[in-house]
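Note that the chains are named A, B, C, D, E and F in the order they appear, and that numbering of residues resets to 1 at the start of each chain.
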């Protein structure tokens, strides 16, 4: 494993290895609860909390966890954190808790969280694991916000509940419905691909000498 | 066991324009000898022949210049008297360069072959007849140029009960077989008689497309009384002449995938090939000339010519008055399966059935569109493949999957490409895929 | 807070943990499949391009090969030497040594020098064109210029120059051999970079016949055979052939009198200058 | 009976787990490249879902009334452990199957669809038979979505997808289209 | 003597008469009468809606599609057919959005013509139906003058149309489903009923379909099997309980079945390539149409039936591969 | 094991973990982990539960107050054994029993609040409604839970014009298309574009009243307090 610097640990998850947009992990909550910005934020924060907490704990305990039961143990740890988050949210912000419905408990099985434990926390120091978890968590929040913003703005004509286009805006119901989730993510990925390819192409062409056949330049 | 009346319709297939009017009524004539003859050693299916002459040797018309290399191979004979000027690489109709013997034809020679002993075939055993056919370098003239003696020696465990004569000539433009049947019906029957005797078969069926009523009449009229020969007109549809389709139509037998006609007790031979067998025993001359249709709107005087094998394309075109201004594509064989030529120096081979000169207007449009999954190609494929799927697989070079989808049963007839409204070069893709697979498997 | 609740929960979870711990321990004993963890370790160090240049089916297979001592780290042509050292270090083995090879094109017959006899229309791939009278190109041994090799090169190491010839960028080429396989006329060979004497022609024609089709063809005049150290170049079937086992003896002088420029002394990429220029520079 | 049918059909097409509830998307993305793997994955999913429904029913009936706050944690531990055992069995019995599922087998263990089933089943107070119908319906629904996706993806492999759409972007757009098409089932078996 | 230039190509050197653009443009041509009937019933609104939908599709194809793709005519078909599935009073901006979505997400992301899985026109409509369910189920009644606009075509983009309840009617299927009111079959056939633009011309559509089938531009097996399935299924249900289930003629001639079966299910790109597959495909559509219409939450099921079967097409193609010559049981006769 | 290749990747491969001796550790870890987790959760549960319960009760209370038009107080009645009762016999789990709530204004019963549900367009719709048995009148209706389409089906809770129609409506209710009704008090105008959802609400009320009908006929003994 190539060694990374702490900054890399933190920044990697935010964009270059964004869990949702690049690694395609934790998709279920990313699509299911992002029909408004508020829901996205709540879900993102809850996940962030669970991810950081369990990363720290797993990293602390890694020495004592036998390999064969590591997954079960990680899940135990994660589930405890999620239950705590679930109950706390329900007590503090019941409205949002209701909106997120079954998806708070489902944080337990967010592949992203387990993935970070397996791939990082189980092998690294506490500090590094926390950085990595924080980075990944922020990346998750960013992705959720992007989805939530697009869906809420088009689907309701509002942002965080504030009307953007006046009362006679025709909401695009589909954006709030399940197809809207898939389509929005597809569209975002399309855009990201486009940007990435654009950059890569320029990089490759830069290395090629003059006189290259025209079609490449296009 | 032939169908009692009327042929079964060929399933699949297409109806290209026939375009035979240019030459179907033109009598066969002999072309004058050219100045130079070029005889590639690779003219037939199987191994190339081995040259047995040297630069500077003088050969006479009919002399053997190359020996068969093994059983599935065929000897080659000088088609004109003259001096061997070179044995070197020469453009070949398949688009490559191949070893060829070049003969400077003697301008003032009568080109009469030296007198030969012509044994009476009636006195020969089947083995001796087959040997004579082999020595004469006879190969199938229907296109594939498969050595005839191989076909005539089926293994014991595969008894043959019927000979099918293929007079369909389903390719557009070509009239070689048509004219042969009209002008030399007796020769066809004689060749057939010799073949039947070789294999010991008593029954033969001649399949002729209905668009050649005069050929049907001529062949029917001359059927010898002592032979069980049926003449069966068949529907006009391409590729009715492909042997598997013809056997299915005439006999209701389907050659299993990957098998040969002999596996269903049949031998298929082209009518011109049969006529050549007869000629061998009539004149004693080996296969050194053949009938070629030179046609298409791009040639000034379309004709059916008797041409020495090895005549260069340039000379042949000149013998037909040359090409027109707008001639653009020259094809050896029919327009559906033939090969386009880039070089006018290529020689005609034993298997060259015709030369079609297309003008710019005749050439198929070349702009392709994306496949719209219309399924026309599936309807057209006479062996019921899925060219649509195969084509898509070919484009991403997934050859193994193509094989799993029966690519090897494709006979490259081109029906799918013809039918495709998007003009996708399906059969070209399949030819490439088959090649790639063959080299991969050889490796 | 009730004491009972604490007890129940502890009992329940403890009980569940115990039950499944037992089950898994049992299953573990009966069903364990062991896999060397170093395979994962090595895989992570490999570049992950799965190019196959090492001769294995992808990076993980190579990792397995490394662990099984069937391969040496340096056989991965994609890694830089630092990376190779990392892997070797991890495995505590020698890195091994592999000379760097690149793909070389044995044809210089671009559309400026080679004759096009006929137009080709149809599938725009080399494989297709080569099967149809060489795509109308006079020389059937030559490059059809439809870039199958470029398209197959995953590392973007090939570009087509203005004469429709593929040019390999040595720094990018990992000698994976994909282009060798893709070229229907077999024009590519993988060669060590220090094989500098190249005959960039495969035409078997000789003399005027050869030159009529392509002005940079090898016309079998044998001058290079004479100019090079004995045995370095031989004439086989109308084509000059370099015997690379004598590569140490090869020198730029061999190309000085070549009338067509078919033979070149190549440092770095091919086709960087017109043939004539190279020759005058040497003589 | 009608009740069971409603639950089954509703979980399968009307409120399809994947296309409507977004459950189990990670394996949906991962193993929907080939139809045969998709089928196998679907079968594995049905199996695990039934197992899950059983576990959930058992826990709900006999254990959780005493400690409701352990619901999530006991669901997940029990299910995860059971599936891990199943995983070991598969690894031993059919290494080929194991390799094809690759890293996704551990992910099935802790897949949203699995836990989602347990939670929905509990929230809706389904009994044993209802739970079974729900599990089978959900499993069939997942399989249907997987197989449809896989056959479409196999098809698009042969198409020249524009570079920007290649990969996951296209998969999501296809999933979105499928989800749009499944809107046709909306309201089915409803109060009319 | 020698030709100025020679051409080499692979065989075959001849080609058939039909080309993809010819087929597409003749389908466009055959849609002219359908559009004309729609205009007769719905006035200039019909033309406006169709034009807006087509503009959305065509412009998207021009901007993002491969160069010159417009010439093959397929984007025009998509636009016109999408327009024909919309209500006459739909705001034009919505029709435009439908065209953009249909071509963009239904076709171009798959690589353009021939590669898409779902029928682009219907995907566009499904999107609109889910995005703007109310506008998409608002069926304007006849206007006092032919030249009046129906509904709120000119609503400002992104803004809600003003729905005037008194001006809206219901489709025969809606009446049947939600109010158990039947409609005369003769009215259905003549087209004097509410509904989307293309629903009102069953007979004309049928005629155009026959023309296209004769020219082999569509596979007649698909409409045939759809009609047969719908007729048999709904016919038998009608026999069982005539009060609950409408008769076969009603099912065949109401809603978008004619247009869907003849123009949309037959889109070659999104229907099976094998003839056997076409039968299966048609059967599936017929079945889904009946199920959705009779038991679903929506009044009309043609669009969803076709889209769902579109998703199955790759699978159907797999399952109905033709049997290769010489691999069947028909064997040697000795 | 888990850190085997992080720290010390070098050297000979670790021995195949035929972990007989480790079994105990496995057990220990899982059981111990479970124990600790359980303990922590109990604490959190105990800490949050009062707030959560209170909130839930408050939500219910508000709903009842809304549909019964602000009664002074209400009783929770259990539907048991074909009648309404304040007390359940011992041994019957109160969670499994359907309840209705009887509201009082100045000690006089004013109506029942009844919660019920049924599948709507997307999923099950749950509502609560107030019903005055004496006058056979609906007092109010409130949707507790629905997943109906936002902007369409969710008008059954958000469109006040629809919701307030129920105040004073007299069952058995009939749904009519907007503008097609006669204005009778048993008619409810359905929402255009959401016929199914609106009809479901009507049906829920009708069916609940039919089911509970005889029990609700008068306020009977339950109210005598």
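What we mean here is this: contacts are C-beta pairs under 8 Å (C-beta built on N, C-alpha and C of every residue); 3 or more make two chains touch, one makes a residue touch a chain.
Here the structure is a predicted model, which is why all the values come from computation and not from measurement.
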item	value
Chain F reached from chain D - shortest hop count over touching chains	1
Touching chain A and also chain D, the following chains	C, E, F
Whole-Å gap separating chain B and chain F, where each centre is the average of the chain's CA atoms	84
Distance from chain C to chain A - Cα centre to Cα centre, in angstrom	39
Approximate Å spacing (C-alpha centroids) for the pair chain E, chain F	43
Interchain centroid distance [CA atoms averaged], chain A/chain B, Å	67
Residues of chain D touching at least two other chains	67, 69-70, 73, 77, 81, 84, 159-160, 165, 169-170, 173, 176-177, 180, 183, 186-187, 189-190, 192
Residue numbers of chain F (touch at least two other chains)	17, 19, 22, 26, 29-30, 33-34, 37-38, 41-42, 44-45, 49, 121, 149, 151-152, 196
Touching two or more other chains - residues of chain A	1, 68-69, 72, 76, 79-80, 83, 87, 173-174, 177, 179-180, 183, 186, 190
Pairwise chain contacts under the document criterion	A-C, A-D, A-E, A-F, B-C, B-D, B-E, C-D, C-E, C-F, D-E, D-F, E-F
Complex contact set, residues of chain B against chain D	392-393, 395-396
Residues of chain C touching chain E in the complex	117-123, 128, 131-133, 135-136
Touching residues (chain side chain C, partner chain A) in the complex	17, 20-21, 24-25, 28, 41, 44-45, 86, 156, 159-162, 164, 169, 172
Contact set on chain B toward chain E in their complex	1, 14, 16-17, 95, 161, 172, 244, 251-259, 263-265, 298, 314, 317-318, 322-323, 325, 327-331, 335-342, 344, 356, 358, 362-366, 369-376, 378-379, 381-386, 388-389, 405-406, 409, 412, 414, 417-423, 425, 427-428, 431
Complex contacts: residues of chain D adjacent to chain F	6, 10, 15, 67-70, 73, 77, 124, 186-187, 189-192
